[in-house]
Each structure stands twice: as C-alpha cells, then as structure tokens.
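Take a look at the structures below.
After this come two complexes, each holding chain A, first together with chain B and then together with chain C.
Right after this comes the complex of A and B.
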C-alpha cells in the first residue's frame, strides 16, 4: 500500500516535467540549423585565421602571421578603410533619397491600398537577378552609355563624362539604387503608424509643420531609420559583386579581398578578412541599436 | 466670446452639421449632448479649425476666424484619443505648446518649468513629470492631455468625449475634477458627450444635438424638466413616450385612452417621467387628476439607490417606473402580474407632429 502511494507522485512529477518542457522541442530544428551553419562556421573562421598559410597549403599550426600581414599591408587595411568610407557614403545617400520617398508614402498617401502598391513598386527592380541589376548599370554609365549619349545630344556636354563608370562613383551609384528600397520600407512603415491625432494635437498647440516634423514625426520614425540603416549596412559591408562589376576591379572592398583570397586558396588570409568584417558589422549594428530602444518602439 | 452663425458641413452628400448657430460666453461650462452620428465630433472639429465649414461663420471676439488655421484661433482641443506624444515624458508633453508654438514661444527654461509644474499641480500630476506617457494610467493620460492644452491659455477649451475612455469610477471623479479645473482657470469649456447624465451633471448650459442640428440650448435643469422636443425627451432617457393622437381631453394610444391636460389639440406624443409613475393594485380606484393604464410587470432593475420597474403596455410597448429607495421600499412582483400605473395629468408633456412641445407652462420641478 505504502509503495503505491509512494509511486504516484513520482510518476506525476516525471510526466509534468516532460509536459512542462515539451514546447522547447519546437526550438530543436532552429537550434540545430543555427549551430551547424552559423556557430560552427563562425568559430571555424576565427580558428582558421590563426592557421599557418604557405603558398599552396594550409596547416593547423597556430600563428598570428596572417593577422600581421593584413594590418601590415596598405592593400588590405586600405580595403577596410575604403569599405567603411563607401558604407558611410551609401548609408547617407540611401537615407537622403529614401526618407522623402518614405515620408510621401507613409504620411501623404492616405489610402492603405495605394501605400502597399507604392511600396511594392519600389521592389520591382528585385524581380530581376542581382547580377543583371548590377550589370545593367554599365550600358547606362559607360563612355558611350545612355547618360552620356543623352547629355551629348542635348548639348550639355561636349565629351563623355568618364568618371561615371569604373570608378568609386559608379559603385556608389549602383549600390544606392539597389539598397535604397531597404531604407524606404521600414521608414514608411513607422511613418504610417503615427496616429493622426498626434499631428492634430501638435497643430492645435501651435506648432508649425516644420516643428511638427522635427519634434514629432522624425523622432517617431527613428526606429524605422535604424532598422533600414541596419539592413543597408549589413548588405553594403558584405558587398563584393557591385564593386567588382562597376569598378572594373579597381575598387577593392573587404568582400572582394575575401573572394580573391578564397579563389587563390589562401584560407587563413580570407578568414582574417572575414573576422574583421564580422567584427565591423557587429560594432555597426550595436551602434545603430544604441540610437533607439527598438524593444520599446516596435 | 464666440459666435457661431449658420454652420453647415457635409461629407460626400451626408449632412453632418446643419445650420448650427450658438453664442458661447466667457467662463462657462457648455455640454453638447448627442447620440453617435449626430455630428457632434464634426461640430467640434469645425470650431477647432480642423475641418472647414461649407457655409457659415465663426466669430471670435468680433473677428471672423472661419478660415484661420487651428493654432491661430486661441482655442484648445482635447482629443478623445488624447493624442499624447509617446516619445516624450509627461513634462515634455505638457511643455510642448509653450516651447514650440509659432506665436510667442517661451524659450526661458525656468519659465517653462514653473508653468508646467503649476499646471501639473492643478491637474494633480505633480509627481509624474518624469514618467513616459506609456507608463501612466488612462485617467492620468486624460489629465496630461488636458494640462497640455490648458497651459497655452486658450480662450475656449474643446473636449471631445473626454470621459469616454475611462471606467465608471474614474469617470465620476474626473467629472468633479474637470469642473474644479475649469473654474480655477476661468476658461470656457465645451464638452461633447453622448452620455446624458454627464451632460446634465457638468454643464452650466447644455446643447442637444440631433442629426447635425441643435434642437435645444438651455440650462440642464430646464432641458431635463421641459424638453423642447420629443427627440430631446428621448435622449434624456428619463421619459416614457407614447404615440397616438389626442382629442377632446383624452389621448388615444394603442389599447388605451389616457387622460391628458386640457386645452391642447394635435398632440401625437404623450410623455411623462419614469419617476412620476405610481404602481397601484389592480383593484384600486381611479383618482381624479391622474391618468392611468393597466400594464403587466416584466422585470425590475436594482440600481443601488433606486429601482426601475419595467411594465408591458396592452399594445406591447414598455413603460418604465422609477422609485427612489429613500422614499419607498422595493416591492416584489411576479412576472406577468397586472398592475395599474398612475401618473399626475398635470405633469404630462405633449408634443405635436413636428416633435415640438405643445404646452409651455412650467409643470413640474426637478426632484432633488
């Protein structure tokens, strides 16, 4: 009798433990995926960056030679500086081009359906592949490209503007066009969420439209700006295709360095550039997240 | 003083406000009662300048302000949804108008501090200046919204259903608070509500709005005791309204002939207050000076200090009788029991075909 009464709570306890924690199994596929394809590769990348690289082979003897070479060579840390400069330029330009567009869609288009239609319109360039979108800029910007021909025919210039293609400028033009939509979307979304009663209240309290924008609309859209900036930053920092296609391989970003090093089987060196790039992204995202408290705003 | 003359506004063929005229005095509490869809919010937005009228004029201190933008009218507007700025603290919300208004902004931080603190004290939120508006309760938000408007010292403060989002308990407290704050500042309040008790309790004067038209403007006492219009009587939710026709000293309504005040012809609505109805035994004798009708008890509703009894008329309609428990004890009746309902003929109000009142002598005093 006593054995039976002893068994029952034990059984119940075990069952409720399983019941209580069963929902964690929902995480299993995600966790397995992330460990296999994110955590392990990240750890490997850091590890490999300390391996010893010889011309045609690599072995796991630990050394800091690759790191020293990276920061000792103008070519490589120059690429880091160039990547940062290009990222900042593209970020500022996508913001300057994207914010007014988002402001128009989010605050001046009153019809929700039309808002959605306009946002989808922004995504139309994405219906073609990334490479085609990049390469399409060549016949636009080239010496005998569309822009130069039109300007010459209009008599605005006598000779072609050569700076348009195979320069840092062409890379910036290409990247801004491709990534601006990632800025427009989140900002338009935040702007559309601002309750009209706030604007009316501010108007009634005597604020001018400019003050209302500065003190109410812009601060409330800031979370959208930050999300957009994170999207753009992550994509621009990791870029290599636009840079190589539109600069004629003259503009080398960290991404390009990784591609060439991997191509020539310099794994350790590619890993160093990868770790640096990952660190830069982490710093940038952390910095952007500090600007606003996204948890509170979204 | 503000004068509103013949305001009209329609939205795509739907008339929202129809030929509305009103004079608003300085230092008064005006309530505007109307059911939803009666155009009361539109009217408020027209006065505030958030909408433009189709025709009509708004004159403030002798100056026409019909086309003036809201912030140049010197009016304050407290929105139903409060419209607080979620990214600012309570203090910054209240200070907004002082700091950022186009005309005469206050840049001196000390003056802003002083005035905001005084205003927060007036609305009882002196401890809450540093809180974000997401961290305070509904009643507190209401008061922040009010303080934010009042700090700009508007001539008239418009309140759009200010108590609508509050629970009953808080609503009663804010009723008293609003009156106190108003008289402390001497600002005119124009308070829009769909709740008849609120409109009666708060206003110095009261406007009853129906289908975009003001159908009565008077003191709450006069509106309650002598509704000018059968529609007003209906909104007050304190009158039994029977339809039929009155001829030769009797009112014919489905299933009954009721005694009615003499000397009136053409009555189509026969109206008497819930609390004028006496509930008598079925075999009791008729009394001179009262009208009576046999009715069947349906149910009663206990409201704490009073009880409302519902009776079914011979034609199927409902008659309500209200008894205050300080005067009579509650009585138990079974459903379906017959009773004779009696009410004094002199207190009956009669209304004609257009809904207008047919008898204008004062007939009763409001019970205390």
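Right after this comes the complex of A and C.
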C-alpha cells in the first residue's frame, strides 16, 4: 500500500518536471545559437571599435582615437548624413509608391485567387539574384539605356538624360524598385483582413469614401505600414551594393565605408562605422516598434 | 458604390504601371542576355541576336578574354550552404515556436532576441563575426562562419512562419493524444507534424531562397572559397558582361522549378488532408 502511494507522486513529479521545463529544452538550442552568433559578434564589434589601429593590424589597447577620427572627418560624418537622407527618401517613396498598389490588391480585388496571383506577380522578380537585379538597372538608366532610347523615340527629349545613371538618383530608383515589395506585402495583408461589415456600417451611417479611408481603412492598415517600414529600413540602412553599383562609387553610405575599411584591414575603424550604424538602426527600429506590437499582430 | 468604380480603374491602372516598373529591368536583362558575343556589351543596341552568353555560362563557348563565371564550384557551395541552412533553421524555428505555445516568463525577450536576427543588417554581423573569428584564430569559411550567420538570418523567418501556423491550430487534437497517454515526441511526429507540414514547407522555402541569395553576411565570412553571390559581386569591380544576365535568367528559371515543386507538395498535402477528412465523414455516416 505504502509503495503505491509512494509511486504516484514521484511519477507525477517527474511528469510535471518534464512538462514544466519543456519550453526550456525547446528554447535552449535557438537561444544559444542567437547568443553565440548574433550577440557575441555585435558585442565584439563594439569592443573592437575602442581598440588601437596600427597600419595592418589591431591590438587590444583601448583608445577612442577611431571614434574621434570618424566624427572629425568630413567624409565619414558625411556618409552618416547621406545614409540617413537616402533612407528617409527611399522609405517615403516606397510608402507612396506601394500604398495604392496594396490598396488595390487588398480592398478592390475581391477574388482571393486573383489577390494571390497579383501578390505572387510582385514577388517573382525576387527569384533573380539581388545583385543581378541591381546590375540590370545599368542598361535601363544609362546614356544609351532603355529609358533614354524610348523617350527619344517618342520625341519627348532631344538628347539623352545623363543624370539617370551614376548619381544619387539612380541609387534611389534602384532601391525603391528592389524594396517596394516589402512595403506592399504587409499593407495588402492588413487591408485584406479588414472586416467588410465595418465599412458597410460606416457607409450606412453616411460616411463618405474619403472619411471611411481616413477613419477606418488607413488606421487599420497602419500595422502593415510599420512592418513594411521596418523591413525597408533594415535593408536600406545596411545597403552598400546598390550604392556602389549604381553610383559608380560616388555615393558612399555607412555600409560602403565598412566594406572599404575591411578591405584595407582597418578593422577598428570599420567597427566604429558599424557601431554608428547599429545605433541608428536601434533608434529607428524601437521608434517603429513603439507604434505597433509585433508579437500581437501575428 | 458606383462612384468608386472610377477609383477602382485608376488604382488598377496604377497597379499595372507599378508591375511594369518592377519588371522593367528584368525585361531589359532578358533582352540583353541574347546580345551577340563576345564583343557585345551589356547595353543597347543589340548587335545581333545570339545565345552566345548562355553557352558562355554553361562553359560551352570557345575561350575568349572574358573569364567564365565559376559556376561549378561556387554554385555547388551556394546550394549546399542553402540546404544546410534550410534544415537547421527550420528545425530551430519549429522548436522555438513550439515553446511559444505555452506562456512563459521572458517570452518577450526571447521573441525579440530571435527577431533581431533578421533585423540586424548583414554587413554588421559579417563584420562582427569576422572580428570574432580573427581573435579566436578560426579560419573563415563558407561552411563555418558564413553558415552560422545564414542561420541567424533565416531562423527568425522560420520561427515567425511557424508561430503564425501554431497560432491558428486546434490544440485540442494534441491534448486528446496526450490525455490518451501518447508521449510528447510521438504526439509531435504523429499528430502535430502532419498538421503543421504546410508551414514547415513555407519556412523551408523562405530559408532556402534567403540563404541562396544571401550576400552581405557572406562577404566578410566566406574566406577564399566564394559562393555564387560573392562571385557575382567580384565582377562589380571589373567590367560587366551579358553572361551575368544570361545567368540571371537561368537562375530565375531554376527558382521557378523550385517554386513549382513547392506548389505541388502544398497541393498534395491539402488534397490528402481533404481526402482523409472525407474518409472520416464517410466512416461516421
């Protein structure tokens, strides 16, 4: 009798230990991976930004020399300003260019299959390598490029437009085309989720289409806008390939500085640029996350 | 409602223009991939239509001053890397999402720790990892330092996809299995997995394509054996030739093949589920 009563609590105890800690075992591999390969490298970058840079190597004597050099130099400080300006421009343009498309797909196309087909159509260009897509803009924008040829054939211009390629404008055009889909997707998703009865109710109560858009549709699509903005910001802020390919290395972003500095083994200096970029990212992302609870939206 | 018809047409027209904007460079690329070679450059006009650059990519063209793309080695590396990344990140993503089905303390911290992986720009992680490897005296390689960063990038996507799947999933079926005494591991294999399979497939697709095309994380961490995107980046500095465009078209066709396989598997999975459901209904009847 005593053996039986003794057995049951132990069995239950083992069971509940397993159950109670199950999530721990499930989480451990992922968390360990992220700490080792995400947090440690980032911490290392911050640490190295205070190391001493000699001509071809770094040593762990702490100094703020690289920091002073970064903010003291017009080139590097200018790159920070340029990165911010380009990011804001691309963000606003992707929103302006993407929202009408998302509105059409999410609210005006009633057929689910057609909705999916349109979204997939937008995503298909992504199946071509990112770098090749960037390079494809060169024959499009160049002096003898497709746009100039078409405009000249139509008689709209007499000579080729030269500002199209190897300028900041070409970088902006390229980035908007590459990243706009990340804006369209989340917004269309949120718009398609809006309950039709809500809009009908508003209409029955006499709201004009503009009021319905301003008071119902736009606020409810806002989480999509924020998620899209996070995607676009993350990608544009870390960019360097589009800038170097479409500006002929004239537009230098923070990412470009990191790449050149690593190329010339200036690790400490690259780390400073990296930390600055991380700080910018952190401010942007937390600012955007303030507007929407990502975990709840899923 | 009828006064919105005009707006509908306007937005429809806009969407058509938008799609043209997305496809413009792609179309130009497709046209220029048929440029005459090896003298024809990556610009208009087309001197003469030819498939020279496709032959060049395949290594069938006669030798010329333009070096062939290192397809054989680089592509094999990229595909192996993408495959390994896909497996590891899908497993990690599923495990973590499974843990999130019960509430636990610190779930917010873990959530953002994982999501951080897709938010930190690749160039920063590449730099950090290169610094760590440098200090520890580890050789940088595509299967080591680059691979772990690829997983850091794709695992959050897999996690979010799986989380979305688990959120709209009827847990009473699992609870029934548990209360009947089926051990958790077996329940997962026999009950949970078949139900989440479409999600797993999407997570795998995400990881595969993201890793295959991943470039800023690989740039500083791959060492001397390059992957395909790094090989393409290498041509940025020198002159570009239409062989890149031909390669782009070929890889797009390959991607379509992968997408088709995904579509077929997805279709089969839903059809089987439907068939099982109607069997059950017949049994009940």
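We take it that the second predicted complex is superposed on the first by the 271 of 298 C-alpha atoms of A that agree within 3 Å, B and C clash if a C-alpha of one lies under 4 Å from a C-alpha of the other, contacts with A are read in each partner's own complex, and residues count from 1 in each chain.
By definition in this document, a contact is a pair of C-beta atoms (placed from the backbone, for glycine too) under 8 Å apart; a residue touches a chain by one contact, two chains touch by 3 or more.
The model shown is predicted, which means the values in this text are computed figures rather than measured ones.
J.: Using the superposition on chain A, tell me whether chain B and chain C clash or fit.
T.: On the shared chain A, the partners fit.
J.: Using the superposition described at the top, determine whether chain B or chain C touches more residues of chain A.
T.: C
J.: By the touch definition at the top of the document, which applies to A:207: first (chain B), second (chain C), both, or neither?
T.: After superposing on A, A:207 lies in contact with chain B but is clear of chain C.
J.: Looking at the overlay, what does A:97 touch: chain B (first), chain C (second), both, or neither?
T.: second
J.: Have a look at where A:41 lands relative to chain B and chain C in the superposition and call it first, second, both or neither.
T.: second
J.: For A:195, select first, second, both or neither according to whether it touches chain B, chain C, the two together, or no partner.
T.: After superposition on chain A, A:195 lies in contact with chain B alone.
J.: Quick check on the superposed pair: does A:219 touch chain B, chain C, both, or neither? Answer first, second, both or neither.
T.: So A:219 only meets chain B here.
J.: Figure out whether A:56 sits in contact with chain B (first) or chain C (second), or with both, or with neither.
T.: Touch status of A:56: no partner.
J.: Which partner does A:255 contact after superposing on A: first (chain B), second (chain C), both, neither?
T.: Once the two structures are laid over each other on A, A:255 reaches chain C alone.
J.: After superposing on chain A, what angle in degrees do the C-alpha centres of chain B and chain C form at the C-alpha centre of chain A, to the nearest 10?
T.: 80
J.: Please state the minimum Cα-Cα separation between chain B and chain C in the superposed model, rounded to the nearest whole Å.
T.: 8
J.: Determine where on chain A the residues touched by chain B overlap those touched by chain C, and list them.
T.: none
J.: Residues of chain A touching chain C in their complex?
T.: Touch list, chain A to chain C: 18, 22-24, 26-27, 29-31, 33-45, 48, 97, 100-101, 103-105, 108, 118, 121-122, 125-133, 135-140, 142, 144-146, 149, 177, 180-181, 209, 230, 234-235, 237-238, 240-241, 244-245, 255, 258-259, 262, 267, 270-271, 274, 277-278, 281, 285, 294-295, 298.
J.: Applying the document's contact rule, which stretches of chain B touch chain A when the two form their complex?
T.: Result: residues 48, 50, 69-72, 75-77, 79, 81-87, 96-97, 100-103, 134, 145, 148-149, 152 of chain B touch chain A.
J.: Over in the complex, which chain A residues touch chain B? Could you list them?
T.: Residues in contact with chain B: 195, 197-198, 200-208, 211, 215-216, 219-220, 296.
J.: Residue numbers of chain C touching chain A in their complex, please.
T.: So the residues of chain C touching chain A come out as 3-4, 7-8, 11-12, 14-15, 18-19, 21-26, 28-29, 32, 42-45, 92-93, 95-96, 98-100, 102, 104, 108, 110-111, 113-125, 127-132, 134-135, 148-149, 151-152, 155, 159-160, 163-164, 167, 184, 209, 213, 215-216, 219-220, 228-229, 232-233, 236, 240, 244-245, 247-249, 251-252, 255-256, 259.
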